[in-house]
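The structures come next, written out as structure tokens.
Two complexes, one shared chain (chain A), two partners (chain B, chain C).
Up next is the complex of A and B:
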């Protein structure tokens, strides 16, 4: 008996014995996730930040720390311009996807009472995704081109006398293309939130004497805000990192930060590409963090 | 000219081939607690939703406070509605929930902040929610949520409030407390409550008048004691859940139910459905060889099971034809009886206690 210390006797209390083993199994459960995040998220980000301070010469890159690439970025009108272009296109596309997406979601999620039909309509929104991304982007060329569908129709209806050049290979075509491609990511989360609103809640508001405009402003819109925030995060993250739509629909005239990364990597300018990568990551981080401030998602979902 | 606050004439509503409401006629008096009793599928919720304007009737007229209601949207009717699941605005506080109607109604919205505060606070005090104004509606109990739902409707001062099984989402204890509370609040405000329920006890306890709805038709509309002691039809008796009903025919002053013959004492109530009804608590259980008095009737049945309900015992018997007969034995009147399962007993009642429909 003398072998048993007082701690050993304490630890014989059932809850004390069970607790550590439960904690241990919890650690095992999160281990794969932690490992994955460390290897494929934390290490690469640290690496990009590190490489952005390396010394880049025309033919080789050396791990000698310098701020040269950073200075070059902020000294160049082209690159700072690309940053503003990225922000401008992001804001416009975000606004446009909301403008098109919210009413669509309102229709699908709230006005269609039949659950099967509303699911079918949501699937319909996703069908374009069965084709490849590049095909979806390139399909806009015969639509928007000088002799494209829209110009032909406008002229046939005698609305315009000459084809409109500005439709393709401009910022406008990039915005049109991106709005179409990313709209569904806005529709989905909003329709989901709207579908969760108890129809009795809206009936109660009607019964208390409120018209549709009031009900929309005071009930429907606030209750769908988590959907708007999630949709905005989806669209923002994707648009900010975009390069394919911009180059395919602008004829390389519109350069976003993503396009510059592609060119720099293509010419083996790793340090410079890393600088832009870091700037883009920070930008996306700020956008996501500020969107999450709008609504407490943990509470609402 | 009818005097009631709400007149319903010939109201009919169909879903495909089935009629949820079939020629409903009602004249609901003002300043009155009316309970609307019906089994599930009897059309009671549909009737309420049509009156509120959430659904349109196929035929018939609704006149509320002298105004024709057909075609008037729900927000223009000034009829309050309390939902079974309360349907509170989940993102708003208790105060904002109650203030919603006054702030946002299309007609006569209250712009004056201080008047709004006074009226909302007065209502919060009336329903006993003082101190919870800034709580979210998920941070309060079920009974408190019920009060918010009621206050939210009452504060807009409708003359008629429709309550769709308002106590259904509460636990049994709270349900009993809220019964008294609802009646107290209604008495104070002098509005008309139309309270839908599937519970006969709730309907009888709460209503000044009781409407019994049966398969989309009004089976009876009367005071609770009349509905209970003189149900207008076998269907009404059935929905009261306290009568044993026998089908059969009437021949030479006797009611013939399969192999039984019962005497008929009281004048029979008119009904298309010929039935004999005896209340569960009017039956006495005797041994199978017991003597039957001339003013009594009886039926032989086998004892099946019993159920103890606290103040009473429910005994279940099966007659020779296979019908289940329920006997309610109040322990304040009679001692508990020890019966043998499967044995024959004679169930006896006074002929004058039976009701005959035909």
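Up next is the complex of A and C:
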């Protein structure tokens, strides 16, 4: 019966419905968006590459091609140092967000069976985003400072006898701040992937006598990998392009590539800022490309 | 079973995670009630007061602490967020509509759009500043900064609408066309009401992302500051609890926005349900 009726609908479908020619109109619909992106995203990025080869004098730049700015970058310890600082902070923050985020995602995505509760927990994770980004960064100052909340609590519990100076205006404070700001981007995708695991698979493994460790290694971890990769891409792209957290929480002591761009633009050294922009673009490109190689996202999602 | 032991451990871990997530903001909220104008942005609370809240609204006598430069920048940010919201939602709906059919080059178009939300703000900001310099255009918040905001928020609107269209039942549109209704009228009368909840979400995304956008605006907005830039300006100088009070107020504003969104969402869902019931009866 059902087979018959669906066939009947199929045979009716074709002649009756006259589809407007949508293929041509698809181009008209997509054109404004693509044009906008080409003009205001692609052209500026190409411009950065181009200007990085311009000649920079003290007060202006001229479109005479030279590799001078590039040589200056690699000859300077400060700038190459900023490249290493960026890579170091990125690796540490990526690891920390994973360490902080994965167990939470595991709990929310897999252990909470109640849909309402797991949604509520995810919403709780997202609520801080309704506070301005800069305010969230700034909120770490009264936390980490010498007379800050953490030092007061540590002293009240007699864990430390004197306030710890090293908490604020160091690389540590930058890492703590970034971990808190970006860890949610890790929790979301991982929890999403974990939520899609068929509970019967875990049940079957358990019935066959597998312990939690084994189940985690052979089922949960591999199935959550696409989430880990997506989360890592989010966190990496954002951390690599960071400068505000670094300057606000390190007292301008920690300089990432983004910070150098800001100072160079501030002193109108456009060609030099462009060199760093190109290096940043290449770095992000390499990181994203290698993360995409870990898991074939198109197949997994 | 081992997992009986693992679950409570993970529950405690998640609770600690939430403390980590909310701790700084809680401290900030407490310190915003510090006494003024002599109380600093740290513990202990000398005396509880609403001084800094009054300070934001200019209700306190002038003191050595300069008031936050928010008035004009707040207006600019709101206008900019509105403009961004409208343009990126329209672009998002149009592009997502285009993606409902297979067309040549759709893969490249998809990546090009998504690149907009991935490209670091400091890079695109630098790029647009260079382009403006070369063309001799002044950098303004309603010009160069605006186009960058759309570059950033349009992909979000696009992805939201793509997800909505994925679950969209195209047969209602086909029914409309087969009755001879023009595509434009079908979109207005059939498609749009059905995707309206998605459009609302896209608008909400675009507005809040633009309103809070900082790194893209830094190089592209020129002389007149938007709100995040004005806040950033106070970073370099000494900070005072007035910025904490301001943080609490902006968060409340965001919640108000979220509440409006929730109300509109409920209304549109209820309307859709009522229409469905009418159809059935």
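Assume the second predicted complex is superposed on the first by the 266 of 301 C-alpha atoms of A that agree within 3 Å, B and C clash if a C-alpha of one lies under 4 Å from a C-alpha of the other, contacts with A are read in each partner's own complex, and residues count from 1 in each chain.
Keep this in mind: contacts are C-beta pairs under 8 Å (C-beta built on N, C-alpha and C of every residue); 3 or more make two chains touch, one makes a residue touch a chain.
No experiment lies behind these values; they were computed from the predicted model shown.
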- With both structures lined up on chain A, is it a clash or a fit for chain B and chain C? fit
- More chain A residues in contact [chain B versus chain C]: C
- After superposition on the shared chain, which partner residues are touched by A:122: those of chain B (first), chain C (second), both, or neither? neither
- Query: Given the touch rule stated above, what does A:186 touch, chain B (first), chain C (second), both, or neither?
  - Reply: neither
- Message: If we overlay the two complexes on their shared chain A, which of chain B and chain C does A:284 touch? Say first, second, both or neither.
- Response: second
- Message: Per the contact definition in the header, classify A:211: touching chain B only (first), chain C only (second), both, or neither.
- Response: both
- Task: Look at A:265 in the shared chain and tell me whether it touches chain B only, chain C only, both, or neither; answer first, second, both or neither.
- Result: second
- Message: Contacts for A:27 in the overlay, against chain B (first) and chain C (second): which applies, first, second, both or neither?
- Response: second
- Message: Tell me the contact category for A:230 with respect to chain B and chain C: first, second, both or neither.
- Response: neither
- Message: Contact-wise, after the overlay, does A:148 reach chain B, chain C, both or neither (first, second, both, neither)?
- Response: second
- Query: If you take every C-alpha pair with one atom in chain B and one in chain C, what is the shortest distance in Å after superposing?
  - Reply: 5
- Please write out, lowest number first, the residues of chain A touched by both chain B and chain C across the two complexes. 206, 211
- Show which residues of chain A lie in contact with chain C when the two form their complex. 16-20, 22-23, 25-27, 29-30, 32-34, 36-45, 47-48, 51, 100-101, 103-104, 106-108, 111, 121, 124-125, 128, 130-136, 138-143, 145, 147-149, 152, 180, 183-184, 206, 211-213, 233, 237-238, 240-241, 243-244, 247-248, 258, 261-262, 265, 270, 273-274, 277, 280-281, 284, 288
- Name, in rising order, each residue of chain A that touches chain B in their complex. 198, 200-201, 203-211, 214-215, 218-219, 222-223
- Item | chain B residues touching chain A - in the complex, by the definition given at the top | 52-54, 73-81, 83, 85, 87-91, 100-101, 104-107, 152-153, 156
- Item | chain C residues within the chain A interface of the complex | 1-3, 6-7, 10-11, 13-14, 17-18, 20-25, 27-28, 31, 41-43, 91-92, 94-95, 97-101, 103, 106, 109, 112-113, 115-116, 118-124, 126-131, 133-134, 147-148, 150-151, 154, 158, 174, 177-178, 183, 208, 212, 214-215, 218-219, 227-228, 231-232, 235, 239, 243-244, 246-247, 250-251, 254-255, 258
